[in-house]
């Protein structure tokens, strides 16, 4: 085996030529187009860092299948130490790229499927785990970049899959053949699906019940397979990036804000050896619960911690550039931002350190359930507050600043240099770049992304209550005992 | 006199040909360029509505100078009823255009200067009020659109104007001549300065003290005067609008998000008859206090109320499009959004209804000080929360949606129509447009604008405390009396 | 007529000898018992202030029935100026006594009944308004103190009155006779019911429907009438007050924390001339809506504003006693407390100033509905926060302080004086009294009272949403128009 | 050695006869007086549970000094497992007694001193650790109950010890003799100082600097030593308890709300072998930092978690008694309470699991610094919110309920039973007891205690900021790198 170089990764993606659209037009080469090049850069960065001796211990691991040294981006956590490193690598990436990368989802999927396929085989006598391990070994050997598209189209949110007018609102099997299955549907919101080698797909992020077997589905399929189409998001930030002649006029020049796509499966064929679940409805809730445990720890509990480092660092820099870093209200705002960051970090750390093998014998470790939800909720409530505090410190120019191009315009550069200056010692250009960087976080789609990634808040709240019902009985007993009430009432 | 038609307004602006730049390039015709046309539309809308018989009572008034019927956009409030209508017209405009228009600042300025110049003349025997009234009468007779640029460049925020390395960090008089003055400096963040007929300029939004007389300054100057340059903001939303072939793919197609500009005064000459303050440092605090009273009531206390109507309406629409409008957590979120809106509205209503003539004899009415601050603070804390709640109801597609152009692309339209559908009865196109409209509010610069317009929160908090110091003594006495403590300690 | 003196009031109450219980024992004389004397003091204070020339304009009014000068505590608001004074008198009382008084509820009831009985007579041809005016004239002529018990026992909160196992869970008519009615049930939570001359009773604080006519009921009955029993609340504060030899060791020595009672109506007879509603279910919702409008403005929107003055004054005093009043975090906390106070005040002011005659022709003015709810909600969310901030400033001694009696104990006084001292210039006794005063607010039943008075939060939130439904449609239209969506969807 | 029985503990305390005062009077026997008996009960419970086979593993440990089995209440944590158990025992106690016990502070002190005396000896060549270990061995062998009074009187909070008018505002050495030292001062706010065998005293909870050596002080002294006086807090709850004939009419009948005392050291002699620090100012900050790390984890991060279990259990019980447990807003409130509880729990768990030996070689383990602060802050912000939510669910009777004694009064019991009933299936007595139990938490001093225990919030915020300064530089670098800014500015 060999760890891929960034160049090898890019070449391998260029060769795929998936069918990708943005703003109504086909993208010919995703490794070159300004709206997709940045997500290619994020994935390439994972390969670059993995080869960096400084990060060897963190970013490589030993395969439990082959015993070989592999990239940790292809590794299933098998210990508490692995869970800790799983967090650390996401924090590191977030700090280094300031956006989502396209390898994250696939890593979550192999984590969950390693366990769920094991459990299925144990209980049902199936061979899903064997199939899965074959794929995983292949992925590890070739150091593949895989994504994990999660969210179905969902149509009417109050209706179950089969109640929808269009049964394809959730991805499903439309035909079973002797050599494999045909699937149809779409997955939304996932970053960089077209910039990977494989899609690893699971059942919907909602429980599936009797009669809905066609939706209880997990499989892998190569990016760009026949029937696959990718339609990219197109927000103002994408337009700005398309127009930019020099990316350094943009907020996060190299990596930008990851482009999501609608990933369309239009009668796509999957051979049986790539199918890891097909109709086992009783395992969809387990899948869902485990995916949620992993995602809460690594996404809202880790990436977002790295993002908050960037927002705090930018806010503190702006405070200094504006000359206000010692004002008591600024110190208090920075403190509050740190408090939010550290609370998430502590909860997610607890999730990792309380990790357990699940199911026993599987060799797969999962973080603690409740601590992970607490990390997720703290981020969802707190991160937008941190962004608002940063915006408050930066001032109105975070919205109203002109383009950095003015600095090269002889008619305007003197004015911009003169009047966008903060403290005398800092060049205006630096102040403008930091303002532009913060604009990216507080006045653009990234703001919305931070809030949404990982699904709606209400799901977590319902999960907490349901998960706590048995515990509520225990708490009632404790209170009744102290209050002097006999048990029965 | 005659009220201008929208067309007359547009023609008059086209004739000015101010020196405007965006993204490093000169704009030739601000009435046509995609990044300025939208702000022209907002101002034109004020002219259109004023001529609409439905809004006659609200949008016209009788001049206290000429006794003629004039546009209320040129009218100085002279009664509590005027203050109420001042709020109503801003709420109406906000609901109709969903962004800032360029006529708002000028209206605030004439409100403040009508009072402050009166007070100066009373106390100092100057003729500022007469000069001001001459200008005001001219403005009313010609139904002019005026702006009121407020915020200086400020440099190092902890230093006073004369301590700055560059004394031009605050707009100032650099030369006094027999026929007038020469001014230099810049005003930032103001929407549509180049889309009006005149700039009405006041002293900086910070108190000015002894030795800083050159900064105690108020005057009017025509847009496009010699020495004036305008450098526009350039956020992703401007790039998106530049690129758009059909503005209906944009979030607020006709009006967009108002473009602010740095407004540069590079040795601009102002004849004495257009100067309304020049060195009277003792009146800068009064100016500041009155500008703040007006702004809190009309901007954060009124425009933002209209904006919240749009956000609530959009969120409720999205809830219905997604099929979740009866879910208890959605009902609770909508309720909370209404609570935020109604609290601001109640506070700003109190500010208007408690209005007083100030100074007595001036004929100019100002809203209540404390109630207005409460309206402003409730908006600043609450509006971002309302936006987050709206984003939560809308779902992740508010960020990740593709362009509406895909609906016309034969290769992708079927997929987008199929998979971005919510409830079966609503066309996908409608759902996409409402998502795009909300994107404008919750994932773009508009989010930042809502937070900042009107200056930093901390100023308000300091103002509250200072304003309450005498009152604190009274409160201490009440508490001591009830606690049984003798007065002295 | 004559305004009563405090002494006349006290004598008149002493003569009644109602059947009152506390802590399992009968109270013989409510004007003397330590747990009821304090509420007698609060009512007496209303009589004292009314006679005070300083408050003549505020606390007296002209009867719309007799044209005589009467106490405003017996006056039905008939103008916006009356509504403003209605607020001002409650704020004044709150500042002067620091707790609820027993005259407040009765005043709310005559406000509502003056309007509702008028509306009933107009629509139904009944004579309720005539009966009510007879009582009101009698009340005004004799300057009576009346209370208005509101809250029914309610049993199972999810069941309607007739679904309850015990139909008396809501007060009801159990027999109609030719000369009057017999009523049975209880009203809870009302302060000082036994310290007044009359109970003025209305229908339950929940809508009453078809078949529930026996609960649609309003009447007056003298305190201490046959069948009336009063069972007082008994919290730790009552025990402390019973034990105290010198009331100055208590937190609010003279007025304490008003004692509520369960007021039991055990087959009480009410002659027809004292009945103001009996079976008119269609008017119970109107009654409820108007009671809520009045209560939100005068209780949460006014009394609580006066309470917050005391809490802020006490917190600022403690900050000075502790030497920390200039610390930036203390300034920020005081500022936040003022912000909370002023937001409620602004909303409630708007409610008063937007008041309207309702129904037209009745001569009775009601405050604005939505502004009043905003005042109420701001208080409910904000007042507990203000109390917490005050506790934080005061420090742990607000809970752990020893009794002031130690200052007279030769074995301990030197230690207490020495070690409970704050800044050197303030006597320890003063610091202890202010701590004890704050303890009353932040670590005792008063804290809970502040939160609950006026019913649960959820009612207000439901009311907001229901009240806003029509408005939501309007907001949707505005958003759709700007988003470019055709009306139908 | 032998673990003490509860009876042995009580007998041993009775024998001490310390000089204790409450409400101006001397308490003769603290094991019998109603205001101190309850705290004796809390300590006795620690002895009872330790002997309970069910809790053997949790509540006993092996002494690192003697190798003997000892009570964990005398054990210094020497591993991460010990830290986990340290949390578990505090949660257990909180659930079982619903208030503070008097053994907690002493346990914190031995934890800190075991490490700090070791560090002093290593660096300074002193023998403090040996002395400390002698005492610790004695404490373990005799299963002693020790307290740890922390908070000095502090006088003017903005002045340092030597700037105070009274230098005794902080506990200090007033004389050094050959056989020992004489100390003078007071410690405030500590629960049950008189109900233990020994005081373990440390330096003040603020850093001590050059010239302030007399305050850098740690020692043990027996309870009731010559010169010791204890003056108890006296809140309404103490008065209520003194009056009660049957403690079951009280909110937390057996354990109540722990009574704090001012603990006075009036020229108390301490022999050198009991002195563990005397003038080593450079170690007071280390002492302080370690005490804070322990306290945040065990007090706000553990006890309060147990308290929240009781509040949640009581709220859920009241919801069921009132019939509203399925209302969506109630479910949401319970969920929010759980969220608060679980966030603290996750943070404090992280603190334990990230524990480290400090200093290396000492054998003493401390929890993580930042995670512990996050646990503390989450509790301080969240616990009062949880109490308010519980009050809201319970309804107004949580304040206005009459005494349970009415149930035995033939004149009132029928009324109380009838009208304080909730759902038909629950006896009124049970509902009253649960209301009384909640009153204890939400409308009494316990509310204040929960907020304050562990010092003011602001300290934590300052600590966060200072602790994060170096980290801020790192964050700035990350942001600058991504923004494209060169390092120097």
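Every chain is named by a letter (A, B, C and D) in the order it is written, and numbering of its residues begins at 1.
We adopt the following convention: contacts are C-beta pairs under 8 Å (C-beta built on N, C-alpha and C of every residue); 3 or more make two chains touch, one makes a residue touch a chain.
Note that the coordinates shown come from a computational prediction; the quantities given were computed from them, not determined experimentally.
> Touching both subunit C and subunit D: give me those chains, sorted by label.
Neighbours common to subunit C and subunit D are A, B.
> Comparing centres built from CA atoms, which chain ends up most distant from subunit D?
Centroid comparison gives B as the farthest chain from subunit D.
> Across the interfaces B-D and A-D, which one involves more C-beta pairs in contact?
Counting C-beta pairs in contact for B-D and A-D gives the edge to A-D.
> In whole angstrom, what separates the CA-based centres of subunit A and subunit D?
Computed from C-alpha means, the inter-chain centre distance equals 41 Å.
> If you average the CA atoms of subunit B and of subunit D, how many Å lie between those two points?
Using C-alpha averages as centres, the distance is 53 Å.
> Find every residue in subunit D that makes contact with two or more other chains and list them.
329, 332, 461
> Under the definition above, what is the set of subunit B residues touching subunit C in their complex?
Going by the criterion above, the answer is residues 95-98, 248, 251-255, 309-314, 316-317, 331-332, 334-335, 338-339, 342-343, 345-347, 349-351, 353-354, 368, 370-371, 373-375, 377-378, 425-427, 430, 433-434, 436-437, 461-462, 464-465, 468, 472, 474-480, 482-486, 489.
> Along subunit D, where are the residues that touch subunit C in the complex?
So the residues of subunit D touching subunit C come out as 21-26, 151, 153, 155-159, 164-166, 168-169, 185-186, 188-189, 229, 231-237, 239-240, 242-244, 260, 262, 264, 266, 322-324, 326-327, 329, 384, 388, 391-392, 395-403, 405-406, 408-409, 411-412, 415-416, 418-424, 439, 442-445, 447-449, 451-453, 456-458, 461.
> Using the touch definition from the top, list the residues of subunit D that touch subunit B in their complex.
Answer in residue numbers: 328-329, 332.
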